[in-house]
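Right after this note come the structures.
Two complexes are shown next, each including chain A; its partner changes from chain B in the first to chain C in the second.
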Partner chain A sequence: MKITEEVRISDNGFVFNSRTGDSFNVNPTGLELTKLIAQGHDFDTIKNMFLEKYDLDDLTFEKDFYEFCALIKHHQITSQEDPLDFK
Partner chain B sequence: MSKTKITIAVTGLNNTDNPGPGVPVIRSLKESTEFEVRIIGLVYETLEPGIYMEGLCDKIFQIPYPSAGSDELIDRIEEIHQRESFDVLIPNFDAELFSFMKNEDRLLRSGIRTFLPTMKQFQERDKDKLPEYGEKYGIKVPASLNLGSQNQISEIKEKFEYPVMVKGKFYDAYTAYNTEQVKQSFNKVSSKWGLPVIIQEFVKGTEVNVIALGDGQGNTIAAVPMRKQYITDKGKAWGGITLSDDKMLEITRSLIRQTKWKGGMELELIKTVKGEYYLIEINPRIPAWVYLAVGAGQNIPEALVKLALGQEVAPMETYQSGKMFVRYSYDIIVDLEKFETIAMNGEI
Partner chain C sequence: MEKIKYEKPSISKINAGMPSKFGLPVKQKVISEIDGIKVSSLIEEYGSPLFVISEKTIREVFADAKRAFENRYPKVQFAWSYKTNYLDAVCSIYHDEGSWAEVVSGFEFEKALSNGVNGSQILFNGPDKSKDDLIMAIKNNACIHIDHFDELYLLIETSRELQMKARVAIRVNLDAGVYPIWDRFGFNYENGDAWNAINRIMLAESLELIGLHTHIGTYIMVQTAYAIAASKLANLYMAIHRKFDYWLKYIDLGGGFASKNTLKGAYMPGNETCPSFDDYAEAISNALISSEIPHENLPVLFLETGRALIDDAGYLLTTVIANKRLNSGRRSMVIDAGVNLLFTSFWYNLGVYPTRELGNAEESTIYGPLCMNIDVVRDAIVFPQVKTGEQLVVERVGAYNITQSMQFITYRPNVVLINNDGKTQIIRKKESLETFKQSELNPKRK
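So, the complex of A and B:
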């Protein structure tokens, strides 16, 4: 999964899709996740970074990560060749 | 670099809740890096707000509605030209374009340059011919039915699912959810804009628009896509944002290439959730949100003036996406004398 190049992410969590004109806000954790995805990190790398940084277990991270991915997919800011591929 | 002094006549100073493009066109021209403009405002009504906006026009003249007859309108334009000697005329209303296009040669002989679509380009994009247009130029359009009388309303049920759009030939569009609402809208639209009334399939999606300028040779000189963010009850954009949408630009360039479109235009499109684009209308002139395109980096009125003067204009390829416009209303306090002058003398 990739964040499409038309998407602009501000440091304050404002996300703007210049292709659709849509915008939305993400909280600091969402911003961190969005930036990591945008930087091209895969699922395992992001998971390890989060597990190291936060008091979090594997399952909770996975559940929240996929929920977040579904949300940003809904906002059309991601592109996925395979709909089940979140890496 | 010293700027070229030029006089330009502009119509459409009605900056109301259904705004004409005149005021933003003038603002754009005043920001030209190449021209120092003197503006002649041409108005139909004495309460067009552009008359009263300080610093907008250097002279203002009232002109007769095209419905009074093309000759009367053109005679008046020539009379004003003899006094003020303008170089280029930019008409901004759909309803007046026909008269100006028809008299393009006569205006040119008088020394008035325009840069308008040809009669063929203008007529083939008429709303009641949209299905043929879509087929000819390979663009998806909603299915439509032209109603010449109320008796045909019963045909809608056979061809469409409700809701449908009920549209006037020039302006106005209403959504109708049943036969009764179609009848009401039919009466409203036909009494104002005549027949046919166009019934159009309702395409669900986001309304997006492109402002563009064609050089008449098939080249797209300017094109900026926009999404309306705030729409008034008249369907007018009260806020919008420029988009970075290659597909919209591709549709625009393809259309201009095939039609060899000459002049300003606005494509009104619906983008469906599947990412398909349906062309719902082509306005054959600069739209009222033109100043957004200028803010995003493409001064379309300036380029149009250069084309009208026969100058070479290189296509503008870039613009800033994510630029927004927000419209506002504003009360101007006007002395009665000013209103009296335009009402009594037909000029200020």
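So, the complex of A and C:
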């Protein structure tokens, strides 16, 4: 999963996708997640960072993470890294 | 190091060019307690889901309706519409406030009698009155509102056999400017059916015509419709006097006043658009007082208001079972109360509220717990993020939801009354397997 090239993310939570013309607002934790995904961190790394920083349990994070990922994929903010993963 | 409070990550699409027609989003309404009792403690004690009825609200709304009519018309009598909510505890409050009973079946008639209502203070409506029902009504001196000619002739036959006089009114359907016209109940005014029925009754020695009744529809949002109906009944009232030199005792304008719920597809919320009791009272009283009827012969005005009296007093407490993302990206959640308990969700956008301030509101769909696709409590509601176990309150569910709730898939829950002293008590117990075992018979097989 990677952030689509045409997507721009501002520091105040405004997301613009120039491919689709859609714009979005993300809340602070959504912004943090988006940036961490954009930086290429994997699930476990992001989970550990969140658990260390927030008052949160691992199952809640897992549920919310995958729901958020599904949403940003739905909005075409992310795309599959290699659709033909034959490496 | 103290950890930061976590907020569920969210993303919302910005829809430029589609501003809310109501302006900026309003603050999310929260219902954390009912009559001073915390929702959480009610659920803890009586379980979830849970119907809660507020006696205080029942009495306050009733007082408002009574004041509106009695300030404008000299003789007013309310009759509690049993079908709207016939829990004994609820009916007893209305009877305590002076309401008669309005029933539409033998079952409801028996219920009214068992609640201590004098038979002569029962208005018997409805299209289905069996011979046994009519015998019960005649013997109890009830006011029988005749629905059709077959019932009229059955009533003549039954009262003759009993050698007793039946007190009757006819149910009149009429064009009050509300469409479609409810013409399936009673005799039509415009085509002369009602007048024919009146003449037949006046010739029947075993019947005593004492009133005229109409029920123009339900959730009527224009009070002028009642003025038209009242004028037409006043015309009949005077025509009877002219022909038979006889004054009827009452005119009954039925029910149908709108509650403050919002109908599906309505542009504005119901609490801002529905007429008040004062609006209805003004229209009806003016029409009767300004009719040809001499002031000294004005009939008693009967009102069978149900929905508008009780809707506000009923709440359904519920709990979130799950959150889901639909394929379309839309947020949805499953709660433990569905259309099995909320029959009115088929035509209202019921108000569903959290019990505490929550953030990240987003358009959502609220599903009930039934394994049925039709189980949708709200198909589109801007609702904050909630976790499983979060308690919610559905308001304005006092009318029809308890009487029409289905025993389907799961048990029907406790119904609790918060009385005037702020104390709670169960007024209908939650069902259990035993409830069904009592009435089911399973034939033995070898």
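As a working rule, the second predicted complex is superposed on the first by the 80 of 87 C-alpha atoms of A that agree within 3 Å, B and C clash if a C-alpha of one lies under 4 Å from a C-alpha of the other, contacts with A are read in each partner's own complex, and residues count from 1 in each chain.
Just so it is clear, a residue touches a chain if its C-beta (ideal position, glycine included) is under 8 Å from a C-beta of that chain, and two chains touch if they have at least 3 such contacts.
As the structure is a computational prediction, the values presented were derived from the model and not from experiment.
Placing chain B and chain C on a common chain A by superposition gives a fit, with no clash between them. In the superposition on chain A, contact of A:Phe43 is made with neither chain B nor chain C. In the superposed model, A:Asn27 makes contact with chain C only, not with chain B. Using the contact criterion defined above for the overlaid structures, shared-chain residue A:Asp64 touches chain C, although it does not reach chain B.
Residue by residue along chain A, chain B and chain C are tallied for touches, and C comes out ahead. Within the superposed three-chain model, A:Tyr54 lies in touch with chain C and out of touch with chain B [touch as defined at top]. Overlay on chain A (Cα): least separation between chain B and chain C is 6 Å. No residue of chain A lies at the contact with chain B in one complex and also at the contact with chain C in the other.
Chain A contributes residues 6, 8, 16, 18-21 to its touches with chain B in the complex.
Those residues of chain C whose C-beta lies close enough to touch chain A in the complex are 3-14, 16, 323, 325, 328-329, 359-360. Only residues 206, 208, 226-227, 229, 241-245, 321-322 of chain B touch chain A when the two sit together in their complex.
Taken together, the chain A residues at the contact with chain C in this complex read 15, 22-30, 32-33, 50, 53-56, 60, 64-65, 67-68, 70-72, 74-75, 77.
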